[in-house]
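Chain IDs A, B, C and D follow the sequence of writing; residue 1 opens each chain.
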Amino acid sequence: MSIDRQAIVAAIARLNAAAQRDFEMLNDADGALGDGDLGITLSRGMELIAEITDDLPDDLGKTLLQCAQAFTKSSGSSYGTLMATGLMAMAKALKGEISIAPDRVSELTALARDAMQARGKADLGGKTVLDSLDAVAQATAGQNDEAAVAKAASQAVDDALDAFRNTQATIGRARMFGEKTIGMDDPGMLAMRTIVKALAG
Amino acid sequence: MKKLLNEPVDYVDETLAGLTAAHPEYYRLYGDTGRVVARATETAEGKVGIVTGGGSGHLPVFTGYVGKGLLDACAIGDVFASPSAEQMADALRVADRGAGVLRLYGNYGGDVMNFDMAGDLVDFEDIQCTTVLLADDVASASLEEREKRRGVAGMVYAFKTAGAAAEAGQDLTAVTAVAQKTADACRSIGVALGPCTVPQAGKPTFTIADDEMEIGMGIHGEPGMRRGKLLPADDIANEMMDRLLEDQALSSGDRVSVMVNSLGATPPEELYILYRTVQARLEATGASIFMPLVGRYATSMEMSGVSFTVCKLDDELEALLQAPCDCAFWRVG
Amino acid sequence: MKKLLNEPVDYVDETLAGLTAAHPEYYRLYGDTGRVVARATETAEGKVGIVTGGGSGHLPVFTGYVGKGLLDACAIGDVFASPSAEQMADALRVADRGAGVLRLYGNYGGDVMNFDMAGDLVDFEDIQCTTVLLADDVASASLEEREKRRGVAGMVYAFKTAGAAAEAGQDLTAVTAVAQKTADACRSIGVALGPCTVPQAGKPTFTIADDEMEIGMGIHGEPGMRRGKLLPADDIANEMMDRLLEDQALSSGDRVSVMVNSLGATPPEELYILYRTVQARLEATGASIFMPLVGRYATSMEMSGVSFTVCKLDDELEALLQAPCDCAFWRVG
Amino acid sequence: MSIDRQAIVAAIARLNAAAQRDFEMLNDADGALGDGDLGITLSRGMELIAEITDDLPDDLGKTLLQCAQAFTKSSGSSYGTLMATGLMAMAKALKGEISIAPDRVSELTALARDAMQARGKADLGGKTVLDSLDAVAQATAGQNDEAAVAKAASQAVDDALDAFRNTQATIGRARMFGEKTIGMDDPGMLAMRTIVKALAG
């Protein structure tokens, strides 16, 4: 099976539902280490994407570009901008394609990760959404079966949370909390778990 | 939270509605989200645009400084939150008169990400952009890591000089250079006595005892250099001037402008009490003071405290500083 | 008391020292007690003088409004206390250029006694004096007892119009008539959310619960019309506008200026939120608004709250209001 | 015996001592109903007068005018201005005279009372210093023996305090306290008691 417009439309419905479901959880997690708006940012962004689902073109590049724009509109919070950045990077790579195989997931995730890293001027290992993406890119490398990719990605976001839980945040608002962040999950990594699990279906 | 407002969620939009209703000769709203403030009248084709942006709650920063000899447009977010990249892109669009746009704003992670993204968005529309970041708060990082410093009241000097250069018809490279020179010449430090409340948060940004102050605290309540007992005004002013003069030495023949700025609730009476010491310390270095600014130039709503900014001048900056400018909050010339 | 000051007893003198040091182009101290602020440069022989005076702690009122097109001199007392008759007499002396002096100030018992006494003192020196009292606070007495009302922010309008008339060369009778017409045309009302602290008293001027406001409170904490739960901004603005429009009806074709003034700590963001309703209420009467003033024009240090002033205009007052003026706190033209 | 420069110089010494003695008492009384500065105003005024005692001329009018000016310099508080006003009214009446008989005390006190009433735009009966002066003017009327005048004046300031203690203040800052003023002495009346008793010797 391959990833096309129809698969994306179906995924958007799952993403939107998951974002609304985790609204409070993400706001609370961000409230503990930041300004408490991450649930709002994610759900609002997904809502805006859901609104344009019917008009999405077959060209996957254009489709992802429109999804990116929805995120740039939603708010000025970091996560929305990073998501838009990642989506735009993938959009550029997919320009003109209407269907791709699951073995491209790793490469595309890595592209998003790198673009977001450049945008946020942050290193890997800082306990951010970048570390979740990095884990996904690595875990899905070399896989070309859709179910295997989904399973690996899903496992990777959990593993990333476990791996970073007891480290100290050094980036974004959470940095100001210093040692207090040890033992706490990064809100952006939690949000990426929500996203990846919804995509995995 | 003791504030005069309606629904907290409407705080920013209602502020902008009142601002543009009271001063239609200076400001108009632009774009569908109502979060871009532009000059009331279009500037001439070929003038370099200057755009700023950031969170609400700092009037006159940011929107207030849109005006002749100052800024062309501003994207404004929720209180203490970055506007979206799309809103910034709209500000860049309205400011562009074919000669490019300078993005001139404070060094905060969210704002930087969004302004960069906004640049990518308008790149498709052939709008040329440059960037100058204000990073003038000496309390927020060491001199070695200067690029990590937060931007505070020093941005007002950069708005003024770059604004004057753009108004005089200088090109994007020249206007950008003026802004960068001004940003490099500014050093600021604050002291906080009491917090403010972000309307949608509903509780004070920090707590501080009745007899305490925090030197170096940021304008959103970011941790400062030291918290201690509230000292006499002259001692506080001396400690703050020590930090500023350590960071940028002054000597005989130097010229500076200095800003003694209220963070909001602190009244002008106290600013003038402080100014005595600020003036004495600057003059003791042999430097001379040009156009001191004492008042509320960059605030955090009802926060109590002050900031000092020293801006070192050369002939060019001095001339640009005294060039005419006009907005609802500040007029020169 | 959380203030940036040195010894409370030096608060006023240090404020004035800083004010004149920061703005020597506008202000100078006159007389031996250091409590008279005069224009930096002497006005021309034959110009009518305008003098005000009152307690400190209200910047820009009173000293701030000394300047071209505004006041000639000001006698300033301790915080919230009248200057002495002798200090007022000095202000009258420095303001007199042979054409007489208008005493233009707020209706407070101590100030009235002292200005009358000061008039007696300079009478021996052949300085002719007239008096216009501002009594614009509708909350402080009924319309029938209008002469008992306290003077608040309305005085800024009278400074402006009388100042413009004097600058234009009008004689003492004419300048006095302009001031009186303006005083008669002004109606003000305040609402307080939080107190200020008089430095030498060391404790807040009044106490008020965290969820309360007091409508009609005076600028020194004098009791108002009603204390109640803090309401949404639009409701407060409507209640205040009700009082003002009750006292001075407006109808189609009328022209007014309106001031939305912070008592100190209240930030401009909140003033603009209120301005929406003020504008809507005025326009609903059919009146048109000319030169609205939104900002900090008459304050009580760090007091939290606002006042509204409606000043009804005719052709003469409108012209005088837009005539040029210049001081460190306000410029027109 | 008559009242001349020498008698005034002696009285000033007694007044100054009394004002310093009652400093706290008057501040406290004013603190309860006003801004707490009445002790300061009285003592500072008397100090300034004491400083010029040596230079006082024989002309009683000029002497009282100089005393009045000392009070206008001391502060802007009401009491100082009222005192200066009363002294100026007496000064005008005594211009050119160098010695007066005790029977003029009643008339001069009434002059001061009327000038102060005009200055303060307040009626008699408002529980102010005016009521003390009125009592003194009435009690000393028709008396021409110095001891009798002193005794009558001294008694009058006490009687006035008694008579007004249980009335409500309607003038000056005390007015704002409304019914709370019932049962409390007016600070200005207390200050006039200090003055009159010191003059009576």
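Going forward, contacts are C-beta pairs under 8 Å (C-beta built on N, C-alpha and C of every residue); 3 or more make two chains touch, one makes a residue touch a chain.
Bear in mind that the values here come from a model prediction, so they are computed numbers and not experimental data.
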Subassemblies held together by touching, chain C left out: A, B | D
| item | value |
| --- | --- |
| Shortest contact path, chain B to chain D, counted in steps | 2 |
| Gap in Å, rounded to a whole number, between the CA centres of chain C and chain A | 58 |
| Whole-Å separation of chain centres (CA-atom averages), chain C against chain D | 33 |
| Computed distance of Cα centres, chain D from chain A, in Å | 84 |
| Residues of chain A whose C-beta touches two or more other chains | none |
| Multi-chain contact sites of chain C, meaning residues that touch two or more partners | none |
| Touch relationships between chains, expressed as pairs | A-B, B-C, C-D |
| Contact set on chain B toward chain C in their complex | 2-7, 11, 14-19, 21-23, 56-57, 59-60, 64, 193-194, 210-211, 230, 232-234, 236, 260, 264-276, 279, 292, 294-296, 299, 301-302, 304, 306, 329, 331 |
| Contacting residues of chain A [partner chain B, same complex] | 35-37, 69, 72-78, 80-82, 84-85, 88, 119-121, 172, 176 |
| Interfacial residue positions of chain C with respect to chain D in the complex | 33, 77-78, 80-87, 89, 109-114, 116-117, 120-121, 201, 222-223 |
